[in-house]
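To keep things simple, chains are lettered A, B, C and D as they appear, and every chain counts its residues starting from 1.
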Amino acid sequence: MSNAEIRVAVLGAGGRMGGEAVKAVENAPDMELVAAHGRADERSAILSAGATHIVDLTVPESTEANVRFAVEHGIHAVVGTTGWDAERLQRLEQLLAEHPESGVLIAPNFALGSVLATAFAAKAAQYFESAEIIELHHPQKVDAPSGTAVRTAQLMGQAREAADVAASPDATETALDGARGAEVAGIHVHSVRLRGLVAHQEVLLGSPGEQLTIRHDSFDRASFMPGVLLGLRTVGTRPGLTHGLDGYLDLGL
Amino acid sequence: MSNAEIRVAVLGAGGRMGGEAVKAVENAPDMELVAAHGRADERSAILSAGATHIVDLTVPESTEANVRFAVEHGIHAVVGTTGWDAERLQRLEQLLAEHPESGVLIAPNFALGSVLATAFAAKAAQYFESAEIIELHHPQKVDAPSGTAVRTAQLMGQAREAADVAASPDATETALDGARGAEVAGIHVHSVRLRGLVAHQEVLLGSPGEQLTIRHDSFDRASFMPGVLLGLRTVGTRPGLTHGLDGYLDLGL
Amino acid sequence: MSNAEIRVAVLGAGGRMGGEAVKAVENAPDMELVAAHGRADERSAILSAGATHIVDLTVPESTEANVRFAVEHGIHAVVGTTGWDAERLQRLEQLLAEHPESGVLIAPNFALGSVLATAFAAKAAQYFESAEIIELHHPQKVDAPSGTAVRTAQLMGQAREAADVAASPDATETALDGARGAEVAGIHVHSVRLRGLVAHQEVLLGSPGEQLTIRHDSFDRASFMPGVLLGLRTVGTRPGLTHGLDGYLDLGL
Amino acid sequence: MSNAEIRVAVLGAGGRMGGEAVKAVENAPDMELVAAHGRADERSAILSAGATHIVDLTVPESTEANVRFAVEHGIHAVVGTTGWDAERLQRLEQLLAEHPESGVLIAPNFALGSVLATAFAAKAAQYFESAEIIELHHPQKVDAPSGTAVRTAQLMGQAREAADVAASPDATETALDGARGAEVAGIHVHSVRLRGLVAHQEVLLGSPGEQLTIRHDSFDRASFMPGVLLGLRTVGTRPGLTHGLDGYLDLGL
């Protein structure tokens, strides 16, 4: 065994995100990759490899058992798999109460830039008369708006409501169907689908004489890895459950 | 009388566009402002002032009579007033056939940048898989999408059809109402309304691995004046009717 | 006298900013404009008008005396005038210590969007490998980069240094003079001067596979007025000296 | 042999661009890939494969011999390799005069969007008071500004000079070193280097009250392939030498 304090087992290493995580951990000078598991591997191998941390990038069917196994063995977990509903989260909180030394991060989004953009948009929303969102994605995407845009709009809408901000002014009388976008929590959201793009979002905030634009571009799956590494470096110092990478960012928001 | 060859009477000088035109002509070193007419002034005053050109920025009710008066007296006309339907244009063409020395420019848009942006978008549209338009305006605007966006989409759609370009790819299966914008000639058009903005348009073209964006920002009514001056400088050398300022631009498009 | 609790005297009302402030206060439903002073007016008129607050938008030569006069008479002050060096600030702090009920806000920038953009850029700077700034202004501007860009770069550079972030990667070997911009606190800053623009700034942050862009556009002096009003509404509840409008924003930064 | 009329041999297939070209030709329904040559292969294999076209993506040392071989054997050539100086071009023109049925396209840039962006920028440059260029690239790039930016600036500068446009206004009196960028043909050019980016360029044109922005983003080498295919489809109908892909675009510029 090496002296690295962060000894990582990647679960779901056969998937695209998992493959990126394997590379990222291997390249991190303060970490050691001790195991890279596919679907069929036994969980016990995590222990025999001497892992101190797992990265779970598997599937909704196995993520809960993986994380519980880690917590029960004093291993910290960074989780990017979806499927963590309220019931699962509650069960996990109970388990963590019995293992107060273990830390778990469940993050729906590991792109630091995207997490920051959403936090800034939510913070700024109350200071402008108008707010709209444009999200732009590759044309294979099957849903519109994107989940990130919906969540951003909800947070912005809540912030505006809490601060008693009036609805964005809009004198539109005649419009072609769909021209003004979808409305989410009082925020108009526009979804562009364009060949060549990956995942992009622009939050537009306007007041008399000025505009604030917060844009995030995700060009590549590699953009998630700094967030995974930040999670691995932090999770051991934050016992209990943290939901969302913003909990680890020094945002003071 | 001065020696300026372009002696301009501004009609509709009491309006906002007309007031800008008065200032622009006064500041142009190669022109002389010889008359600035409000609504109630007699057309004969154009003659007594020795005008060689008029700029008509009046109202749909009076523009046709103004222009016909100019043509009949050998005065060139630059026209920004709306209301020139097919019938009026045909009558004007007939009159110009009898006065082959007179030039008339009828321009729905005098912003050079906007005219160029539309021309470029139409030209580029056939070379990309995907094409969408975002237009952004002040929140007092009553219609959506803007007339410029609709016209740009129509020209792009025609160019794509002529070149047998397939529809923009779009795998959307589930969408909130309006998320994907309005569809004009096969082009999705999104309308943003934001306090602080004036009139802006962004044409997005995408192919594998690349994007071309053509954006025009109109911050101020002043943006129309270079186009008015270009019209005045050119109309005397282009007998007959020209529709659209692009006819005077060296676009070779 | 009306019942408005915020009774405002605008000092420097003859200047452009002052004129905007007069309009903004007149239109604010919770304020009353009780005096609008030019340069030559007597300060005592502030008292006779029953002002509870002053807005000082005068000149460096008179701002200190104005503010001291206000503090000594229990009047709160919102100050946009430049020229407050360390010595003046120290003298003001001493005076405020003797008048603990008075509040003073000295704000070099009243555009909420600009203040937010700078705060967000400083907060995000440590999370990205690369950081650069592009500022764009009208071509009459005599200095480059803008003061706002320099200050933003300094705050970003400090944040990156505090977090031990390496210098932005840059393999440039051969460059035309000036191509890579000016360097301020390790951040490359590029200054664009373009007819038609007013004051704009774009902070670019990049990491593998992603980019975060924070852009502020100032189209008009009107953009400063929401900040002035926010200052007037808040200064009475914040005794002592506050430097920078961000001190009044709920940023938690 | 199939019935495809465009039977392509890719030379330099072992390189990154060459590998992309192999894939692109394989996927083109109207083409057949008949050979994919590495560096060490014999040119005679082009003939035995029955190629009607070559794509040369090799190195400056071998491109001239490859192209001359093709021309001498009645094979059309699409060339992306650099190193074609005036002397080489002249020798090739002479050879083509003896083989009037052969077509050769030498293209320094195959990204359609980039070629269009440059053409539009050159065309628009004369209609605006101000013009600047921002180019943004990955931080491994060793030169600044990019070759594309320099060429775009030169074309814009020539167009402005030909139209007697005054220099862009600029009142800068005091500037930090480099803040105003590099000057190429009277156009200020700014070079941003940012992790996460690939190759991007923004041409900014400004006049009173308006701005025209022409931006091209190259996210991926795949962006060159539509241009390579367009070249292959067109070169057989354009005997002689064409320099630059814009010669094949229906730009009328």
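The working rule: a residue touches a chain if its C-beta (ideal position, glycine included) is under 8 Å from a C-beta of that chain, and two chains touch if they have at least 3 such contacts.
Protein identities per chain, from UniProt: A, B, C, D = 4-hydroxy-tetrahydrodipicolinate reductase.
Predicted model only: the values in this text are computed from it and were never measured.
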{"item": "Joint neighbours of subunit B and subunit A, given as chain labels", "value": "C, D"}
{"item": "Chain whose Cα centroid lies at the greatest distance from that of subunit B", "value": "A"}
{"item": "Inter-centroid spacing, subunit D versus subunit B (mean Cα positions, whole Å)", "value": "34"}
{"item": "Distance from subunit D to subunit C - Cα centre to Cα centre, in angstrom", "value": "46"}
{"item": "Rounded Å distance, subunit A centre to subunit D centre (Cα mean)", "value": "39"}
{"item": "Where subunit C touches two or more other chains at once, by residue number", "value": "128, 196, 205, 207-211, 217, 219-220, 223"}
{"item": "Of subunit B, residues touching subunit A in the complex", "value": "128-130, 132, 134, 136, 139-145, 168-184, 188-197, 204-211"}
{"item": "Residues of subunit B touching subunit C in the complex", "value": "196, 198, 217, 219-220, 223"}
{"item": "Of subunit B, residues touching subunit D in the complex", "value": "111-114, 116-117, 120, 123-124, 126-128, 205, 207-226, 249-253"}
